[in-house]
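What follows is a group of structures, each given as structure tokens.
Each of the next two complexes has chain A plus one more chain, namely chain B in the first and chain C in the second.
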Partner chain A sequence: MNAPAPLIEGRGLTRRYPLRSAGLFGARIGVVPAVTDVSISVSPGETLALVGESGSGKSTLGRLLGRLEPADSGRLWYDGAPAPKRDRRLRRDVQYVFQDPDGSLSPRLTAGAIIAEPLAVLGLSDGRARAVRVAELLAAVGLEPAHAGRYPHEFSGGQRQRIAIARALAPAPRVIIADEPVSALDVSVQGQVLNLMADLKARHGHAYLLITHDLAVVDAIADRVAVMYFGRLVEMGPRDALFTRPAHPYTRALLDAVPRIGAGKRQPRRQARSEPPSPLAPPAGCAYHPRCPFADAICRREVPALTPMASGTPGHVRACHHAGRWPEGLGSGSLAGAAP
Partner chain B sequence: MDRELDGAPLTAPLLELDGLTVAVTVAGRSVTVVDGLAFALGTGETLGLVGESGSGKTMTALAIMRLLPPAARIAGGRVQLAGEDLAALDEGAMRRRRGRRVAMIFQEPITALDPVMTVGNQIAEVLVAHDGLTRRQARAEAMALLDAVGIALPAARLDEYPHRLSGGMRQRIGIAAAIAARPALLIADEPTTALDVTVQAEIVDLLLELQARLGMAILVISHNLGLISELADRIAVIYAGRLVEIGAATDVLAAPAHPYTRGLIAATPRIGGPRGRLATIPGMVPGFAESAVGCRFAPRCTLAFDRCRSEVPALAAAAGGRHAACHLVAAEVGP
Partner chain C sequence: MSGRLAAAFGGHRLALVSAALLVSITLAVAAAPLLAAILGVDPDEVNLLARFQGPSLAHPLGTDELGRDVALRLLYGGRVSLAVGLAAAVLAAAFGTAVGLVAGYRGGLVDAALMRLTDGVIALPLLPLLIVLAAIDPAKLPGLGWLVAGEDASLYRIVAIVVLVGWTTIARLVRGAALSLRGRDYVLAAESYGASALRIMVVHILPGVTTPIIVATTLAVGNVILFESVLSFLGLGIQPPTPSWGNMLTNAQELIYDAPALVIWPGAAIFLTVIACNFLGDGLQDALDPRARRD
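For the complex of A and B:
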């Protein structure tokens, strides 16, 4: 296979957070695994979607891959070589867009200053060149040059997300890690921002790591999909393969739970046990086993490894002891292919 | 007029909004956020109220409950629940209706639940207030309710505090407290928006199951067309405080009559839907401060013509039993 060399690659990334008892100076009472032994790569120019529910570790993994925070163990590779601890290239080439532009844009800076910030920090250009670049970036995200002098509260949510995208674009990054970039926006505005992101990628060729809970958005724009559950990757593969032939019971449950617009009033489903495990008492073996209809003794004992499917699409991997044994045509695979 | 064509419920109306208008005072100025809203909800029926931010959907719910924030007030219209105008009741009388006649669940149940009160006491309080049960009877009933909303080991949960529980479990408890006094109408405002998709599906199942068992009507309010599609018999779409379309859920979703409804449905990404560029609605949701001459959707509507910018369209019958407030719809079907 001659797949392009990965741009960013995490190898065995693990991150744990200390857990403290209630109160400001609470005693440390344990550690919560946020990301456990995840190996994943982002290739140049691709859109890789990282999906999972709250507490799955997807945002933490996103922060590890751009080194917004350090991993406790595992290695980060950039452009074919191990990334040094303070890697200026990584800081320039990997930029972030977050869900809540209200929280991530400083209310005391003008849009122009916000967009110019990464340029200044990285010493990328002098004052006048920066002003020109800011005007270019505003135009690129569909805003006016005059907007440079306004403050975040003077913009709508969709416009603020455009400013966040302009800031991310400023140093001409090779990867933009977008963590729920449209989740806070109205549906009628979501598409505008997602289309803008697609247009910018077509023009600049950067890759996206799109972190989201919204599988419908993923289906519309991702090239590849990685599914996380309780800190681990449970399935990863090309979008079409994963949506039409989901190979992990959790991926199936996720797809099955997505409402289908216009399909009529819901018939009650077979009741699944949906409570995710407590991080304080992680289940042994496969973390999904308490919710999984196929779980048996080995699932309660051993963590399944991420392995390729016997007859699957290249690059489609899943971590399930029984992936080959339960009927492949069952569940939401068929639903995912049927447009209403 | 034929019922089906009337945009009316198929069962006897339980809730009838008649020109409901809500105004909010912003910087000393009164701004209309719900503008003459009129629709009916039948006994045991589910109506989905769809709208984006600033559409006035939550203000509508709070007006029905008479729980509007201090800066907001009902500026006109009636809220008929089982023939009684809630908007005209004094606070004491309204308090007796809340819980028993109409109850509400919220996006984040923690805001509705008292953080310093155990789960059991939250529910028991409703029962003591409305049914005059003793504390002991109420506790037993609370346990039965927790069981009914699918909480495992209800006896153990009774003495827990809400913050110890997952979001899905908190919403189940919010539902248990809301149905404790067997209201005829349950208002659910974004009941699953804060929840993961698998938990969301379970709450939908629970609401459907409870409705089948208890026969209550549900007014479900959301920006999420998927959720509305799974729960609602009929759908009402509001935009900038005004009703723009109402009809049977399957009809509205399959063949929307109003350009805004069409745009909203097209813009909602769906699994198995079109790939690549997403459909969008140009522009943005208007702020309330903006002047409201003509159709409020006109500035974003690709089909708008002169009349749309000067005259508010009335709700008119559209093909297939729906009603839409659009001059084009009126022109198509009208004389």
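For the complex of A and C:
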């Protein structure tokens, strides 16, 4: 595979949250693994979608890559070298867009001040030039320069998310990590914001790490897709390959769970069995085995590694013991009998 | 009009009246030297031939046990009491805010240390401590003599005492608010592009805690005035002949049966000012609370 050198890369990232009992001295009663040994990279100019259900660790992984929180182990690489702990270049080149623009914009600052802050902190421009840049950014996200003097509560949700995007765009980053950037917005506005994000990328050439649970969003703008389950990557590959030939039972279940209008009864649902496992008592071996129709002894014993597929598209990897056992890129309906 | 709305309106009206009262008191005491000049009366002038006079044209509120004009002394005393109250409340609020911001935003060990310090200050037995502190002559402290020399020494001392023990309420208040704000996404966002701790505290967290600070400071002004009266009453506060409402009460206590007016006037001034501060604080609380404002 002749891919360009990755822009940001996480190697063996692991993050656990201690769980404390209630009370003053909160004894540690357990550890919740949010992200376990994940290696992932974002290349210049690509849109990588990180998908998975709630609690799969996708947001935590995004926060680790965005340095919003530290990893317990594993390393961040940037531009082909281990990333230093405090690095101005990284702070400039990796920006973050939060899910809920209500919470991600300081309520007592004007839109202009919010967008200008990264410029001020990073020392990128000053005085007159900064005001010009703010006006430029507002225009770039489809707002009026006159909006600079307004406060966040004077904008609609979609406009607020545009302000958050303008702030992320301000230092001209090379990657924007967006954690569910449209899921807090009205459905009618979601498309507009996604189009805006795609347009901005076309113009500025930055990469996106897009964290989402919405496969329609993925289909619309992703180049590559990484699927997470229970804190681990289970499958990763180019969007089309992954969508047409999902190679992990969980990816298949995710794709099958998408409701399709007009699909009628032609597609029998292979819904995942039961609920996800409790993070306090993680299953041994492959975390998906309690829900997997193909699980057998080895799945209960060993954690599968991410491996390329025998006859797959380059860059398409999955973590399943039964890589050869169940046919890759199985057609619709052929597993109908396997699910309970 | 629903009961709640009426109550809110009533509360606001009370706050408005209180604000008006405080402004008038402030203007009146600010104009004290002017009035003294116009009336040609010196508030410190002793006239033993004219003691305990009743109200007259020359002395609207009469004279005290040394024949001094009560009305003017009340105004001059108000200057001291209000200045001390305001200065001490604002300085204590500033110090408490700084401590609270650092504790709440930094968290961890810093928070634990600062909050135990706060608990410690709260647990100090106030009155004995004040008596000891008030006995210190700051003019004799090395390096501080130049700062507090002269008649105003007792004034600075009382402000310093109040600040030293009075910052804890606001520190706790601000710390709690900062603790809840530091996990907000906008704080994380600022951290992600490298904003300094100071910048985050001042630009992102402080604006979110101004409402409780303003309210608490307003309430504190009243408390400090009360406090100053207590200290002055005990002879530990503002030293005569500089008048303050507190030490006017002290002087009058032996005369409570002979000349009750000398107790009533400073007492009423303290009472009105403190209660106006409290009403204003409550009114500000309602007016500035964004939840109350939105509906």
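Simple rule for what comes next: the second predicted complex is superposed on the first by the 314 of 340 C-alpha atoms of A that agree within 3 Å, B and C clash if a C-alpha of one lies under 4 Å from a C-alpha of the other, contacts with A are read in each partner's own complex, and residues count from 1 in each chain.
Please note the rule applied: a contact is a pair of C-beta atoms (placed from the backbone, for glycine too) under 8 Å apart; a residue touches a chain by one contact, two chains touch by 3 or more.
Values in this document were obtained by computation on a predicted structure and should not be read as measured data.
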TODO: Would you sort A:117 into first (chain B), second (chain C), both or neither based on which partner it touches?
DONE: second
Open item on the list: Tell me which touches more residues of chain A here: chain C or chain B.
Closed with: B
- [ ] Kindly classify A:145 by the partners it touches after superposition: chain B alone (first), chain C alone (second), both, or neither?
- [x] neither
- [ ] Please work out whether A:221 is in contact with chain B alone, chain C alone, both, or neither, and reply first, second, both or neither.
- [x] first
TODO: Answer with first, second, both or neither: which of chain B and chain C does A:258 touch in the superposed model?
DONE: first
- [ ] Look at A:12 in the shared chain and tell me whether it touches chain B only, chain C only, both, or neither; answer first, second, both or neither.
- [x] neither
Open item on the list: So in the superposed three-chain picture, is A:98 touching just chain B, just chain C, both, or none of them (first/second/both/neither)?
Closed with: second
TODO: Would you mind listing the overlap between the chain B footprint and the chain C footprint on chain A?
DONE: none
Task: Touch list for chain C against partner chain A, complex - done: 184-186, 188-196, 199, 203-204, 207-208
TODO: Write out the stretch or stretches of chain A touching chain B in their complex.
DONE: 53-54, 156-159, 186-192, 194-195, 198, 213-217, 219-221, 243, 253-266, 268-269, 271-272, 274-276, 335-340
Open item on the list: Going by the contact rule set out above, which residues of chain A touch chain C in the complex?
Closed with: 66-68, 86, 88, 91-92, 94-96, 98, 100, 103-109, 117-118, 121-122, 167, 171
Open item on the list: Residue numbers of chain B touching chain A in their complex, please.
Closed with: 46, 52-53, 150, 166-169, 196-202, 204-205, 208-209, 223-227, 229-233, 249-250, 253-254, 263-265, 267-282, 284-285, 300
